[in-house]
Every structure is written in C-alpha cells, then in structure tokens.
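Each chain gets a letter, A, B, C, D and E, in the order it is written, and its residues are counted from 1.
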Amino acid sequence: MNSRSWMRLVLPVLFIVLAAIPFVAQVVDEPFYVTFFARVLIYALAACALNIVLGFAGLVSFGHAMFIGLGCYAVGILSHYGISNGWIQLFVCIAVCIVVAVLVGSVCLRTSGIGFIMITLAFSQMFYFLMVSLTPFGGDDGLNIYESSNFGWFELSGSSEVYWATWALLLMLALFLNRLRTSPFGMVLRATHINPRRVDAFGYSVFRIQLSAYVLSGVITGIAGFLLANLTAFAVPSYIAWHLSGELIVMIVIGGIGLVTGPIFGAIVFLVLEEVLKGWTTHWMLVMGPIITIIALAGRNQFAWLKAIFNRPSAAGPAIKTRPNGELP
Amino acid sequence: MNSSLFLSQLLNGLQLGVLLFLLSSGLTLIFGIMNFINLAHGSLYMVGAFVGAASYNASGSFLFSLFAAVAAAAIVGLVIEHLVARPLYRHDHLYQVLATFGLMMFFNELAIFIWGNRPYFVTIPEVISGSVEILGAPYPVYRLLIIVVGVLVAFGAWYLIQKTRFGMLVRAGTTHASMVSVLGANVDLLKKSLFMLGAGLAGLAGTLAGPILSVQSGMGDPVLILALVVIVVGGIGSIRGALLAAILIAVIDTLGRAYLPGILALVMAPAAANTVGSALASMLIYLLMAFVLAFKPQGLMVSAKR
Amino acid sequence: DITVGFSGVLSGPQGVLGQDQRDGFLLALEELGNKFGDQNVKVVIEDDQLKPDVGAQAIQKFLERDKVDAIVGLGFSNVLMAELRRIKDSGVVAIATNAGPGPVAGKLCAPNLFGLAWQNDTMSEAMGQYVQDLGHKNAYLMTSSYQAGKDKLNGFKRYFKGDVAKEVYTPLGQLDFSAEISALQAANPEALFVFYTGGTGVNFARQLRQAGIMGKTPVYSEGMIDSNTLVSLKSQADGNIYGATWAPVLNNPQSKKFVKAFEDKYGHTPSEYAANGYDAAYLLNTAVLKLNGDVSNREAFVKAVKQAGSEFPTVRGKFAFNTNNMPIQNLYAFKAVGQGDDVVVKQLATVFTDHQDAYVSECDMK
Amino acid sequence: MLSIQNLAAKYGPSQALFDVDLDLNQGEVIGLIGRNGMGRTTAIKCLFGLLNPCGGSIRFEGTELAGLQPYRIGRMGISLVPEGRQIFPMLSVEENLIATASSSGGKPQWTLEKIYDVFPRLKERRTNMGNQLSGGEQQMLAIGRALMTNPRLLVLDEATEGLAPVVRAEIWKVLQRLKEQGLSMIVVDKNTKALLRLSDRNVILDKGVTVWRGSSPELAAQPELIARYVGV
Amino acid sequence: MSAPSLTVEGLVRYFGGLKATDEVSLQVRPGELHAIIGPNGAGKTTLINLLTGELASDAGRILIGDVDVSGQPVQQRVELGLLRSYQITSVFDSFTVRENICLAARRRRGVRLAVWKPLIRDLESMQVAERIMQQCQLVHVADEVAANLAYGQRRQLEIAMALAAEPRLLLLDEPMAGMSAAEGVAAIELLRSLKGQYTIVLVEHDMNAVFSLADRISVLVYGKIIATGTVDEIRAHPEVQKAYLGDDEDA
C-alpha cells in the first residue's frame, strides 16, 4: 500500500497547516474563516468516519447524514429542554448513534451493493421526514440552539472553540485509522469487501465485522453532527437530506477512497472550491458540476492499488459488481 | 369511504406510477444492464420537460413537442454516454456517482441559465385537456393518456430486452463486453443505442409530466430518488420489476397521502393526525423499500443477472 | 459608507421571490443614486437557498466578514427563525422584507428586527374576514406544512367564523396535488382557501383548473396569485380572489412611480415582494437622513429606522411600525380577472385599515 | 491464411510477448504449446484485437488485423473459445448460443440442433442461466457458442479444461471431425499427447518467444523438447 | 481416533426441479485423502458447498467428527476445522501473499478489538505464515501483491490459505484446474506432502492426480454416488468407466 510511505509526511504537515489557520485568520482579521474552516473540518471528520465503511469495507452508505442529524438533534433537543451540559449531550449523542447504528445496520447489512446504498438512503430519508414532522422540535423550520454544549472546563461557545475541538478529534481519528487499515480488524474488514464469501469461509463473521465498522463510523459521524450543531447553533432536517450524504461521498472520492487523509483533502477541496465559486458567480454550479465530473474521470485510474480492491465483484450483490468476473482485460 | 373518490385516487396513483416507470425503466436498463449509475437521469427528464415545453409553446403541436423532447433527451444522453459514461463503464460505481452528480449540478444550473428559475409552464392541447367521468369520478383525460403511453412503453421495453437479439446481445455485453465483440457484435454501438433509449424514455417522462408539474430547474432530483427507489424495489435490470414497483410505490404514496391523516384522525386529535399522517405518508415508500430490501435484498423481481 | 447585506432565497422554485425583493431594493437604491443620505451604499448579496442553516451562515458572513450596517431580506419564516439568534445578538438593523412569523411579532420580538412586509397571518386574516363577510358557511383550507403555512391558516380561522371543512397540510415542495384535489372535489366545500407560493402555487392553480374546480368552487388564496405567477397562469387565474398589502393597481404616487420604474428596468410587472424590497431602501434612506449619515451607533440607527417607518415614502400609501416592529397597514382583497387570453388584477375591497397583528400584546417592547 | 510475424505485446509496463511467429494454412490445425504464463493467451488476445500489439504483424487472408476493432475481426470468420469460458451469465443456455450466432453467407453449417447433438447435456440445461451451469457445462457451452458463428478459423484456449475424461475424449473427437471438415484451428491445451494427435504443426512458446516450430511427428519424436518446454 | 472425521447421510439438494445432490451418503476416515470424481454437472461442487454450509441442504445430515453440523452456519463448521479451496481462484488480489496467509492464520483468534497492531506483525500468525509459505514454496513472492502472481502460484496460494487456517478437514475443488503439466506435477507433490497431516476431500478431473493421490474414491453421477472404493476398484468399475473415464488413456 504505497500510501503509508508518504502518509508519514502528509499527516503532520496537513495538521500543522490546519492548526495555523485560526492565527492567520486573527492576523488578517477575518474571524469568518475560522467559522468556515471549522465547518470544513467537521465535514472532514464525517467524511473520514464514512470512509471506514465506504473506503475499507466498500459499503457505500448513502445515508450517513442521518448520523449527523442524530448528533445535531441530540444537542438541539437536550438544550431545548435546558440541558446544555456537554458531557450529558455527548453521552446521549453517542448512545443514540450506537443504538440506531446497530438497528439500522443489522437491517441494511442483509443487503449489499446498490441494495445497501438505497436502504441506507431509505433510513435516512425516514429519519428526515420524522424530524420534518416533529413540530415540537421545529419540524421543517429547525431548532434554534440558544446555549452551546458546556464541558465545564471548556465550552463550545464560539467558532474557534469548535474549530480546535474538531481539529483535535480529527487528528486522533486520522492516527487511529492509519493504524486500523493494517490491523487485523482492518485487514479483515477490507477483505470482506474483496470477497465476503471467502472471509466467511475462514470463519470470520462478515456480518459482525461489517456491523461493528458501521457502528464505529456512525458514532464518529454523530460526533461530527454534535460539533456542527454547536457551530451553527441550529439543528434542522436539511442536515439529514440526501444531498449531504451525497456530498460526503463526493468528498471521499475526490480525496481518494480508502486513503486515510483522502477525505480530509476531499472536504477541504470541495468546500473551499464551492465557497470560491459562490463568491465568483451565482451560477457557480455551472462550473462546480463539470469540475466534479472531471475529477471523477481523472480519478478513475489514479488509485490503481485501490481499483484492485474496488473492481472486484462483490460475491453477494450482483448489481454492485464492477468488473464481471473473468472478463478478458 | 366514498368509492368513486377511492377510484380516482387509485387512478392518480396509477398515473404517477406510470410517470415513475417511464423514468425508472430507462434507469434500470442503463443501471441493471450496463451497470452504470446515472444520477444525471433526472436531468434528462428535466431536459425532456424543458424542450417539450419550449417546443410546444413555440410550435403549438403536441406530437411535435413529444418528438422534440425525446430526441433532445436522447441526444444529450448520447453525449453523456460518449463523454462520461463510456470511460467509466468498467470502473467503480463511486466514480460514476461522482461524475453524474457533477452533471446533475451542471444541468440544473444550465436550465436556470437558459430558462431562468421562474417555473416554466405548458398548457395541454384542448382536445385532451378536459376531464371524463369514470364510474362517477371526474378524471382528467390527459392523465389517462399518460397511463396508456406508460403501458405501451412497458411492453415494448420488456419485449426488446427479453425477446430480441438486440436484448440478448445487450445483456451479454454487460458482463462480457469484449467476449461479445470477439464473437462479432459491435458492443459500443449496442451500449450507445441502449443509453439513448433510456435517455429518450426519461425525456418522454419529462414532457408528459410538464403540463402537470411545473417545469423548473431541479425538477429531476426528487423524481430521481423516487426512480432509484423504484428500480431497487423492483429488482435492478428488470423491466417488469420496475413497472410493478413504480405502480406499487405510487399507489401506496398517493393513497397514503389521501387517507392516512383521515385514518389517524380516528385515533388521535385531528391536528396531530394531520401532521403525523402527512409525515408518515411521506415516509411510507421508504418504509416499503426498507421492508422489501430487508426480506428480498435483490428486489421484488430478481433480474436474469442472478 | 454604508454596507447592506441582502439575504434571501435566490435559487430553486421559490427563487423568484428573493430575486424580486433584491431587484426592488436595488431599483430603489439606484433611484437614490446608490446613496443613503450622503453615504455611498455597498450591497452584499447571499442566497439562503431556502435552507435555515445556509441562511444562518449568510448572516454570520454579513456580521463577521462584511461587517454590515444593516441587513435586508431575511428570506422565509423558517430561515428568519434560524437567523434570529445572531441578529438579536448583533443589534444590527435587520429588515425582513418577506417574513413576519408569529414568535418574532410576539415573545421573541427584538428591537433591531423590523417586519417591513407583513406579519404572516395578516393577509390570511383579511381573507378570513372577507370570506366571512361574503357569508360562506364552510371553508376548506390547504397549505404547505411549515411554520408560515400554519400561521396563515390560524390567521384565516381567527376571522372566519363559519366551520372549517378540512385543513390539509401538504409537504413543502410537493408539486402534484392530484390526491388532495380529488379529496377536495369529494368534500365539495362552499369556499376554498389556500396558501401556496411561487411555482407550487402556480401548479396548484393549474391543477385546480384541470380538475374543473375553478369556477365551481370560489377560490380564495394568499401567495398563489402575484404578478409573477400571473405571468405563467394568465387566464387560468381567472376568478381567483386573494388578499395582499399591495398590488400594482394600488393608487398612490409612490406606487405608480415604482411600477413604472420597475417595468422599465426589468420588463415585467413587480410583485409585492419587489414592492417590499423597494420600500426597504427608502426606509433605510429616510433613517440615514435622520442621522445625517452617521450609522456608527447601532441603537441610534435602530431608533431612527423605527421612527422612519411612519415617515418614509411607501408604495403602500400608509405605513407605520407597531410596538413590536411589525407593520400597521391596510389589507386589500384583489381579484384576478381574465380578459381574453390575458389577465388583469382588480381591487375588490379594503378589508382592514391600519390593521394590527394578533401578537403585538405578547411582545414586551414598548 | 493466417500469418503472425515477430509479434510483441505489453501489459502496461510488463512485456508478455517478445517475438512470436506463427503461420497457418487453410484447413490446418496448429498446436500452441507452452507452460503457464508463457504467453499463449496473450498471443490469442492480440489476434482478436483485445490487446494491441506493440510490434509485429498479424495478417488474416491478406488483411492486417493489428489495430482493428475486435468485432470486425470476429466478423471475418475467426472465433474463440476463451480461457475461463466467459459464458454470459444473464443469458440462458439457448440464448448464449443464438445471441452471437451468424452464418457467413449460405446456409449455416452449425445450428442449434447440431450443437445439441454434440452436447446433449446442453439440451437438458437449455433454460438454465449461464451462471447456473457446472464448470464443465459452461465449457461445452463456450465451444458450442463459438461454433454457432460458423467460423473459418477456430481458436481454442484450454478448451478441455475442467472436463470429465469422457467428455474430454468426446471433444477431441469433435475437433477431429471439424478438422476433417476442413476447419482451420489454433489449439492451446495442456494435454500435449492428445494435442499432437490432432494438430498438423505446432508452435512452442517460451517466455513470449517462439522457440520451436514444426510438424507433430517431429515434435513427438523429440520428447526432450516437450520435457524442456512443457515439463513431464 | 477411529470415528470418521466426516460423515454424510442422505444429503439432498434441489435446484428448482433438478436434484443436484441425491441421497448422498459418504464417510471420510481420519487422515485419508478421499477423492470425488464424476461427470460434469454431477454435483461435486454442489456437494462441497453443502459440506461447507455455503449452500443449505434440503435433507440429510452432516457430521464433522461426531458433531452434527447440518443446518449450522459456515462459522461453526470452520470452528471444527473444515476448510476449503475454491474451483475459481479466490485469493485477496490487492493483499500481498503474506497478508493473505496471515489473514487465514489469524482466524482462530478472531479480530475483535484488534485495531492497532498491524496484522503482519502479529507473532502467532507470522510463525504460521512462514511455515506455510515454506511448505508451498511461496517464500520468494511473500511480499508480492497477489494480483501479480502467475496462474499456478495463485492456485498454490489458494491452497496455502486453506492450510494456514489450520484445518483438520480440507476440501479441495479442482485445485489443479488450469495448471499446465509442470505445475500440475508440483501441485501433486504438495498434496502428497500434506497426506496424513490432514484429512482431505479432493474433487478433480485430472486422473493422474486422483489415481496417484487418493486412498479412496467416490464416484458421483447425476447427484448419486454410484461407487466408492480404492483406486483399483474404481478403475475396474465398469459403470465408472462408461459414465466417466471412457477409453481415456492419456489423462
């Protein structure tokens, strides 16, 4: 896996640069950029989390926005009832995410390939419409969060607090994933993607392994939602809409599937590009769209060692089959 | 509950189902058979709608507008196939999703660029604009027309894929393109024509929807999701499945919207019933999908593929 | 110099509404020579995409990045609610040219937040009153299920004393109403009142006609008919009665001037949203003049705007801010009348004069 | 009829063929012999335009094949029984046979009936989907499918792979019969003995190079050659 | 231990109308190499799939040692030491040979919470892997990505992975498929070296292999076992000759 060699360099450099941003923003007196990059890092966190299932296990979850939503509403609803203690909120957030992930995951993982894509979408859509209908919590109009999560010695009160919290979490996650990839669990997880039938034949439970990966991913995504809620001081169903799930995937693919730092770069590129283009023209999508398409066309051959993983037919679901077995090259 | 109302609700469902089917059949062909996820399919639907509307308002001939729309969509489809799809056939779905996601953005914005984001409207020609009584339920002629068209297309598409040589070659080419060509069939041509067919159907759906829905940028996105739901529930690559699922989903959705609040009102306060009802109604199809997939992961009609 | 941030929905099906407010505002600004008083005005524009979170971000940008002196627009009610906290905290003059949700008129009212357009309920209240006056026994109510929608129906019911056949809330952004319309047909009420804006409204109107309800059942509406939707509806809108605070036919000099200028510049008749944007500019101008161009003191600016409310030249002829910063204004019933293939708007009645909203008592501002 | 001259080919960076020569006359059967990974399949891929050679020429009845689209080559009357069967999984057995069937002019020599006569097992499985066949059945289908295009040159890459001895024997008989009917063939098979009994002349590949060409009797007379390049 | 390490009783499996496995009964003695031969489509692969549990049987019992595993999922059977190789090579292409084998070797201890230490630094697995790679002559390609292996080597890796998982009972489905004569001979040697250490069920069409390796042979025709016996018995068996071997002298 050639990534590991340059990973050593990329990771520290990346995070040092990110650490510099708030100070730069201070110097040029543009506090807005802290807010902006806080958002970027939060999405990066979510993308990295999604990458655990998508990049390693090849489970394309099209419903991860659901966990962002769970995180947001954990904060939103609790503070709605005046509970702004961060620890309680965080605990609830994680607990809820675990429960939901286990339930949803154990249904979704019965399917595979496109089936999985769609069923995850289905669940997040259901949750979306649930929140839309829950008028006590603002329904379509969303829920204002009047006091931010308070961890006692430290409160997610402003953009920069959120920024640093996210930065730290992201760093930890990146280091962790870096190890996970080659750890027994990680290897088996990736193996399940190449040929689940074979992994089963060794007596590993593909289901259990995929489920734990899904739960792990869900929880971390939930935490991203937790941070997002504090950043925007707001929880709203549109955080759960399928577009966000789609954008997370886009970020991952831009950055390079399965690469640990890929999603981070992906998130940065995607959101910065969006921001720049928006400032440039109201028809920014006219430019953004083709750029994304071109990235896809260019990226398709880039990660050769990954394509080896991805172009394997998944024994279970015929639909997701990428290259039919045994085709003459 | 009153039966003629129920009937017209059924018809509403059927008509929506047919529109969904027209869209999904193209998607399921391209997806199931060529194994290419085309998120831009919704955009083709939009192209059809816009071109149809524009050409109708210009020419005043409904048939011509139909033709123009289908042709336009097919041509756009061809371009997409050549520039984006073909290079990605053999690659992972993620790249396809990404590429076509970009196309989707592009087309939505392009529509705004050309037609502005004031919704764009078509009227229906007088002859088919009226409404007829069906068992005491007044029902718009135009919507009936849509139903008929849908049924015809359904049969045609199924026949083409399952019964003709073309269909066989296409099915073969999906998994073993190079082998098919070695045996003397021009696979590129096959795939192009199939892609155009799918695009054309999407365009057709678009024009037919035009007079009912407003023609506007982004009109393709929600229907795209619905269409994806349909083909997954129906079983990817199966025309029959798509038809079944489209109608099932549409009818359930329509009846849900129509009756759930009422039914719930029997057990809870009307206000609550209203909100919960409409929420549940909008969740219904996804519940259905989750249910189907959980018990039949391959969808209702497992296509020939396995 | 003065920086003004404009935020509103500029894209998507409802984009037209935001664009009109923007166009109206910019038009007025142009007439004022891009100056409020003697101050050059710089306008920064953000699209809230009708998404509360995006709207909130937009406000944040205005405050942190652009350091604006005033914010105009603020989009739909749900978006405004999301922006509320930041606006309040900042104390910057904020003028809503489209939304006036109940909470903002009541408990959550803020000194620096002005509802220049209307309090959400009022036009519906007017329709309720009007339908009541016409003596319809029952009415069938339909709208999209979001805060504004609910406010509207409440407004209607506040003044309509007959019985409500049914209240139907359809998902926001739903375009095909076949199911609902069939149900409506079956219910066959004496009057139908709906609140649907932009493209949604147009769809609904046309589907009503296709189903042959228009003409059978009298249709009263809010938001469904305005000079935008009329462009696409044409004669299909014939017979539709709607409540509004302004329409191009309204007879006063400022209004005439506005309609003329707008048609010259943009080539189509302005909507009430455009009118609100237009008013916003003149309101700010008047306020700035009172301060001789010095807006550095936010409290002062806020106070000035409030006073200016009853002084600035408005297309509505008469206007003032209530204690809760919501309008005190007249409400009219208009009717769309088909003329051959085209359609014109006729003024039927002035339903309320100097109307106050229902929430003013809940607001503790004096 | 077919003549390949110092053919060379690469898979990306790694070169698989260096210098392959082979020529075949009307009605002849050529055995293509070598160990695993010596380039036999690669050579065949080049012949069918599935892999663009980076050197040399392939002429079929005078026309240069290199650079032609595979389907054009296929339509010239060359057909392939590929390594690893490559059955169409989404088609039934019968559809597999007729989908690409063609008769280059005149009445086809091979028809469904004829194929079913040779492989009765396929007739029993007529309605099975391609992926519902046992390995061997798939192999038979692959051969039948190739014959249904009524080729003038038939190329078989490991066509007896995974077949029961009886069937294998049967296939050799079929090939023998085809040869008598004047069909030209290129055959790759690990069973050298049987191969030599069928082929007129043979080409031995080693590391992508033609190291020996000659008639079957000659080769049969030189067991050390076979031992060296094939093993055993 | 004299109890047969694999016992099959009246096993049945339908594919639609087709009875692919028809009342198959079979006993495999500990340590023996038991070959299963039969015409194409006789149901050999199906039988293997039934034994591993990848296909569900419609009737009949399967015992590993004296444990009844009929209806049990794959994992249970693997726990009992039942492992297989596939007719179509299915190694993890993007992993190196070492990683492939370690993955197999690790299975006894599972991977719960093993999320930090790299797999190939895992001592226990490493030792097993080294040993197996020696045994299968894969040392020199230990760090090659499996995708770049030549066909024969991929087949060897296929078997090596099965071995690394420390089976007691090994099911091999056409391990020599696609190997040229030379590789075939090598493979036969490998299997011979394994004889006795493991109980092996071998499905193969290559008669050289079968006749030179098998202790006992069962012949499967149309899903039925028509004969079981030693090499010579089977060779002599008239029906077998007719149905399967034919007058085939060089395979």
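One rule holds in what follows: a contact is a pair of C-beta atoms (placed from the backbone, for glycine too) under 8 Å apart; a residue touches a chain by one contact, two chains touch by 3 or more.
Just so it is clear, the structure is predicted and the values come from calculations on it, not from any experiment.
S.K.: Based on which chains touch which, give the shortest step count from subunit C to subunit D.
M.R.: 2
S.K.: Taking each chain's centre as the mean of its C-alpha atoms, give the chain farthest from subunit D.
M.R.: The most distant chain relative to subunit D turns out to be C.
S.K.: Could you let me know which interface, D-E or A-C, is made of more C-beta pairs in contact?
M.R.: Spelling it out, more C-beta pairs touch across D-E than across the other pair.
S.K.: Just the number, please: Cα centre separation of subunit B and subunit C in whole Å.
M.R.: Going by mean C-alpha positions, subunit B sits 36 Å from subunit C.
S.K.: Please compute the C-alpha centroid of subunit A, do the same for subunit B, then give the distance between them in whole Å.
M.R.: 30
S.K.: As a quick test, compute the distance in whole Å between the mean CA positions of subunit A and subunit D.
M.R.: That pair's centroid distance is 50 Å.
S.K.: Measuring from the mean C-alpha position of subunit C to the mean C-alpha position of subunit E, what distance in angstrom results?
M.R.: Inter-chain centre distance comes to 76 Å.
S.K.: Which residues belonging to subunit A are in contact with no fewer than two other chains?
M.R.: 132-133, 139, 324, 326-328
S.K.: Mark out which residues of subunit B touch at least two other chains, giving numbers and ranges.
M.R.: Correct list: 112, 174-176, 178-179, 182, 237, 275, 278, 282, 305-306.
S.K.: Going through subunit C residue by residue, note those that touch at least 2 other chains and give them in order.
M.R.: 11, 145, 171, in rising order.
S.K.: Which of the residues in subunit D come into contact with subunit E in the complex?
M.R.: 34-37, 83-84, 121, 125, 132-137, 139-140, 158, 161-170, 190-194, 230-232
S.K.: Could you pull out which subunit A residues touch subunit C in their complex?
M.R.: Checking each residue of subunit A against subunit C gives 30-32, 35, 132-133, 138-142, 144, 146, 232-234, 236, 238-239, 282.
S.K.: Spell out the part of subunit E that touches subunit D in their complex, as residue ranges.
M.R.: Subunit E residues touching subunit D: 15, 37-42, 45, 87, 150-152, 174, 177-185, 205, 207, 243-248, 250-251.
S.K.: Any idea which subunit A residues touch subunit B in the complex?
M.R.: It is residues 54, 60, 107, 110-112, 114-115, 117-119, 121-123, 125-126, 129-130, 132-135, 139, 242, 246, 249-250, 252-254, 257, 283-286, 288-297, 299-300, 307, 310-311, 317-324, 327-328 of subunit A that touch subunit B.
S.K.: Which residues, counting only subunit B, touch subunit D once they are in their complex?
M.R.: Residue list for subunit B touching subunit D: 165, 168-169, 171-172, 174-176, 178-187, 237, 303-306.
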